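We call the chains A, B, C and D, going by the order they appear; numbering starts again at 1 in every chain.
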Amino acid sequence: MQTTRQWQTGAIGPEADLKIGEARIPDVSGTMIRVRTQAVSLNFRDRLVLESGMGLPLQFPFVPASDMAGVVEAVGPDVTRFKPGDRVISTFSPDWIEGRGPGTAHTPHYQTRGGFYPGVLSEHTVLSEEWFTLAPATLDAGEASTLPCAGLTAWFALIECGRLKAGEKVLVQGTGGVALFGLQIAKAHGAEVFITSGSTEKLERASALGADHLINRHDGDWVEQFYQLTGNYGADHVLEIVGGPHLGQALKAVAVNGRISVIGVFEGFDVSAPVAPLLLKAPVVQGITVGHRRALEDLVRAVDQTGLKPVVDRRYAFEELPEALDHLYRGPFGKVVIEF
Amino acid sequence: MQTTRQWQTGAIGPEADLKIGEARIPDVSGTMIRVRTQAVSLNFRDRLVLESGMGLPLQFPFVPASDMAGVVEAVGPDVTRFKPGDRVISTFSPDWIEGRGPGTAHTPHYQTRGGFYPGVLSEHTVLSEEWFTLAPATLDAGEASTLPCAGLTAWFALIECGRLKAGEKVLVQGTGGVALFGLQIAKAHGAEVFITSGSTEKLERASALGADHLINRHDGDWVEQFYQLTGNYGADHVLEIVGGPHLGQALKAVAVNGRISVIGVFEGFDVSAPVAPLLLKAPVVQGITVGHRRALEDLVRAVDQTGLKPVVDRRYAFEELPEALDHLYRGPFGKVVIEF
Amino acid sequence: MQTTRQWQTGAIGPEADLKIGEARIPDVSGTMIRVRTQAVSLNFRDRLVLESGMGLPLQFPFVPASDMAGVVEAVGPDVTRFKPGDRVISTFSPDWIEGRGPGTAHTPHYQTRGGFYPGVLSEHTVLSEEWFTLAPATLDAGEASTLPCAGLTAWFALIECGRLKAGEKVLVQGTGGVALFGLQIAKAHGAEVFITSGSTEKLERASALGADHLINRHDGDWVEQFYQLTGNYGADHVLEIVGGPHLGQALKAVAVNGRISVIGVFEGFDVSAPVAPLLLKAPVVQGITVGHRRALEDLVRAVDQTGLKPVVDRRYAFEELPEALDHLYRGPFGKVVIEF
Amino acid sequence: MQTTRQWQTGAIGPEADLKIGEARIPDVSGTMIRVRTQAVSLNFRDRLVLESGMGLPLQFPFVPASDMAGVVEAVGPDVTRFKPGDRVISTFSPDWIEGRGPGTAHTPHYQTRGGFYPGVLSEHTVLSEEWFTLAPATLDAGEASTLPCAGLTAWFALIECGRLKAGEKVLVQGTGGVALFGLQIAKAHGAEVFITSGSTEKLERASALGADHLINRHDGDWVEQFYQLTGNYGADHVLEIVGGPHLGQALKAVAVNGRISVIGVFEGFDVSAPVAPLLLKAPVVQGITVGHRRALEDLVRAVDQTGLKPVVDRRYAFEELPEALDHLYRGPFGKVVIEF
């Protein structure tokens, strides 16, 4: 019987005792595959889960984090989608293959890796082949690990739901992981991208990634700046990543019949906004919680075709998880990655 | 020179002096048509304009109301869409023929009859042929006059934007004009309709119109009732007509990936809602301010084909406008109409 | 070890020896369910498979037919979607759950029951739960068995792909199974239905089902009749069921930017048509080969909500399969069903 | 009274007498604008009109060609969309602003410049402002003149109707004007482009424009080459520009549930194809005859944003029209333009 190392904790909140432990590696049977983890991408949500549990029914010892890239080491006899040696990435919501999301109005599913399901900070995992998809050939493992959550969220908002086309105006708020994917995906489709930040240095880095217009939130009312830059037209697409009453700003900025994708942490916050622009401009406002596997496959294909390289702010070693989690609070430019 | 009688006021708010006056009827030239008004349908919005002006640049003497049905009496030499004798209805936003709505992010247009443009409570009007469309053959003038605003709002929400199909679950709030059109349009497409009201008597009348499930808001938490009726599935479509913090209830009721159409008066209200269902269920939330002329033409065609009869709560004579406006505050079941 | 009776043949074409045989019933394990067949619906395609094999890699003894309704008798330990006693119907393409169809440009899948996979003319089957969906509560087994192929084909064409709405004009060719479903589904969505046939008697029966306009193909050029009935507008949707050069007639009949769904047997036929209407009217022409499971679930929901009753021309006993197959050549009005 | 020079003919076919003539320039009134032509782009269709009339009710003397770019010199008192000095381009179908195309099933409109309406080979024209849209700021007049027909056709097929997204596979047939726009528009959206030609030299030029894969039609069965290049996946989008029985090749090449846009001259040709791939792959086949003004405005915006430069094979002087028309028969690489 083999074992694997994993980051785990026996509790969440103040009693959390995150440390490297060991777990048994199950045998590979049926449609299961064994995957050796090469990289894990962290999300701000991983901190929230560790700090509060987010109301989820966690299993202890709990292994955190939702997104990884790795290599298939062994496949069960009924596996059809993969073979040993294939490079794969995880899916955020393993039960959501395509179409309508799972769950009901009363209880929508939030059954993701690193929450309802165990996380990915394990050197080996044995899981159904349905929980994975092929990694892009053009990305290394660290880059590929950023696609399942941050990359897919931006893609699902702008492309799967938003059907972005060249020439449209996209407003991206901030320079975090989803925001920079939004910038890159929008540019890959020929859009005009406006990015907001409170940091001149981050805006300059965004410019190097292709942002067409930089809006410093410290230079007065950013919505007014945006109106001027667009001749009052507004944004065809807004990636609203801030949350809370900030939705009102997004409603000011959105074009007539534009689209606001609401993305963000969802612990205890309300959204609020004046109803006048919601009615008079009739935008679509849609919450986005990542997306389904088929769209992730579309994103992988697009990444390989366009040469899009995810922005990794810093790569940490497996043992440096605590430092990497700290980094999340300092507002990374793009993604924070653990390499195994 | 001919004159026409019209309801007009020299001011709004406490100084309003609504009375029947006279106006000159312009000659018919170019692409203008002269229409004899046969019926006008009132909306709650008409009261708001008279009471507050709603911030609109009204022209005085101001003629109120936005929706009418009438008969073409004369056409200019360049008119191609109508001939004398044609029965027509007005359009709510005359400048919006199809596609994206007019205006900008900064200043979305709210250029409607009975507001930015003069209203319809006039026995004759001379206007561009572009401002009208053919009335349904199967409706009398009073019924037809209810389509341009109340009818089109429900159609635009459920059909033009919502692409409703048979078997879907539609939650309609209340029994006003838009709500009952929502009920009837949904039933005409084979949907399952749930209607809420605080009045048992109104619920029974809604049942006679085809509502499948009646939810009395006084019988405990209506969202819980709705969950039970749908086995927790929720609503594919919600017509959210109440406004303000009530959006939170709509977000509870909506199915995963469902649609909430926000409809309502928009004077000084905010919407607010917990963000968790917005993210976890990823519904589309879209404000609806009536719709464009091409969709009104689709509605007219559907009315003639399906035999849908708009619900007119009461018909008043031209001279009874004050009584008809008072009726709006008593919560009509369907529409209040003025016949000329 | 239990056995089941089934209709089977050791060969196709002139050597076919269709007779009732016996087969072992496998144990129920994993995600398998055992279903007792109550009714089977025949399609013209079933005759083609028996006569030519249609180029498919049939397994012998071959059990024909693709569509059934039955009752779940037992479920494997990993089954989550059904329980014993559930009434179910089969799916035509078991591998196609949602989204893009399976297969490639070079080799599109035609992996259906009663062809690539064994057919349904068996008293009991043990198969993956993924191959079934719940039957409508409002239909008996004979009626329910008609949904997986004929019903879903019409639904997929008009609703899933065509997004039909009330008031649109639908042209249905003939009075076979798909045609009558098209008529009923279109009527359930408030459409105006035009039906063609060479038989006055069949047209009258179609009228009783709700057809708005009857076009006898023996009364001169039916396209001209159709032009007159629609004031030259044409058809928003055409169900083109005849095939071959007949597509040219459909292109004449279709409205500007309308939709033609090409449905039909596909053995050795070409389609051909003048290109002028294809270019000038820019219709969508789309082949339809039934549809996916999620759309079948939508159809089931719509059937229960609208009360749509599939048209069964005649019901035969299990032993009467040969007579039932003969009936297919006599142009049934709707469906031919075998009851067990 | 001023006059303008124009290319005109008193007859079509063998009696054509194409020469430079003079015409009166009407006064500018109402919503008319006077435009000074700077460049005209020729289409193969212009030759067909001159040779056969294409069944159109031409007015003589007939001025050929449909696409131009120019400068507004004067505007009527009711003009709202333009001012003197604005750079504009023409629209191909002046009556088609948005939505469904004009005309009926019986008589679809083919009311374009250089056919039903007089053409653009005139130094000055006075027409309704509705017949123009703003030219891209980033193109010279010769380049801009290629957008109204060739550019919009490719955009309408791939983007307006096809909603192309990054990573999709686009098959472009040939290197004419529409084909190269298809290549460039697809690349601007991150697609993978496969281009076919019988000329190695043209393929190399297409490669320089961004084509990912080059398929020489003289190197054996091009569909087989394409299958190999895509691992049998096929094409998400096919621009089918060849016509006639060639549609069968497009049906072979198209992916499951892909899209074939049929574009081409339409004089006396039939399309024909085997029905099996149409049914089994269920692609959308849609004829494309250019597109509406709103989509042209979208294209203009996209051109300015992405820096797309239309490919002009050669520019001729106004007096060189005969040479330019001859060039059309030699298979230009991209567009042939007349500069004034």
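Just so we're on the same page, a residue touches a chain if its C-beta (ideal position, glycine included) is under 8 Å from a C-beta of that chain, and two chains touch if they have at least 3 such contacts.
All values derive from a computational prediction rather than experimental measurement.
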From the listed A-C, C-D or B-D, the one duplicating A-B with over half its contact pairs the same is C-D
Set A-D beside C-D; more C-beta pairs touch across C-D
Rounded to the nearest Å, the gap separating the Cα centres of subunit C and subunit D is 41
Multi-chain touching residues of subunit A, meaning two or more other chains, are 100
The subunit C residues in contact with subunit A across the complex are 97-100, 294
The residues of subunit A that touch subunit D in their complex are 159, 163-168, 185, 188-192, 212, 298-306
So, in the complex, the side of subunit D touching subunit C is made of residues 100-110, 227, 230-235, 243-244, 252-258, 262-264, 266, 269-289
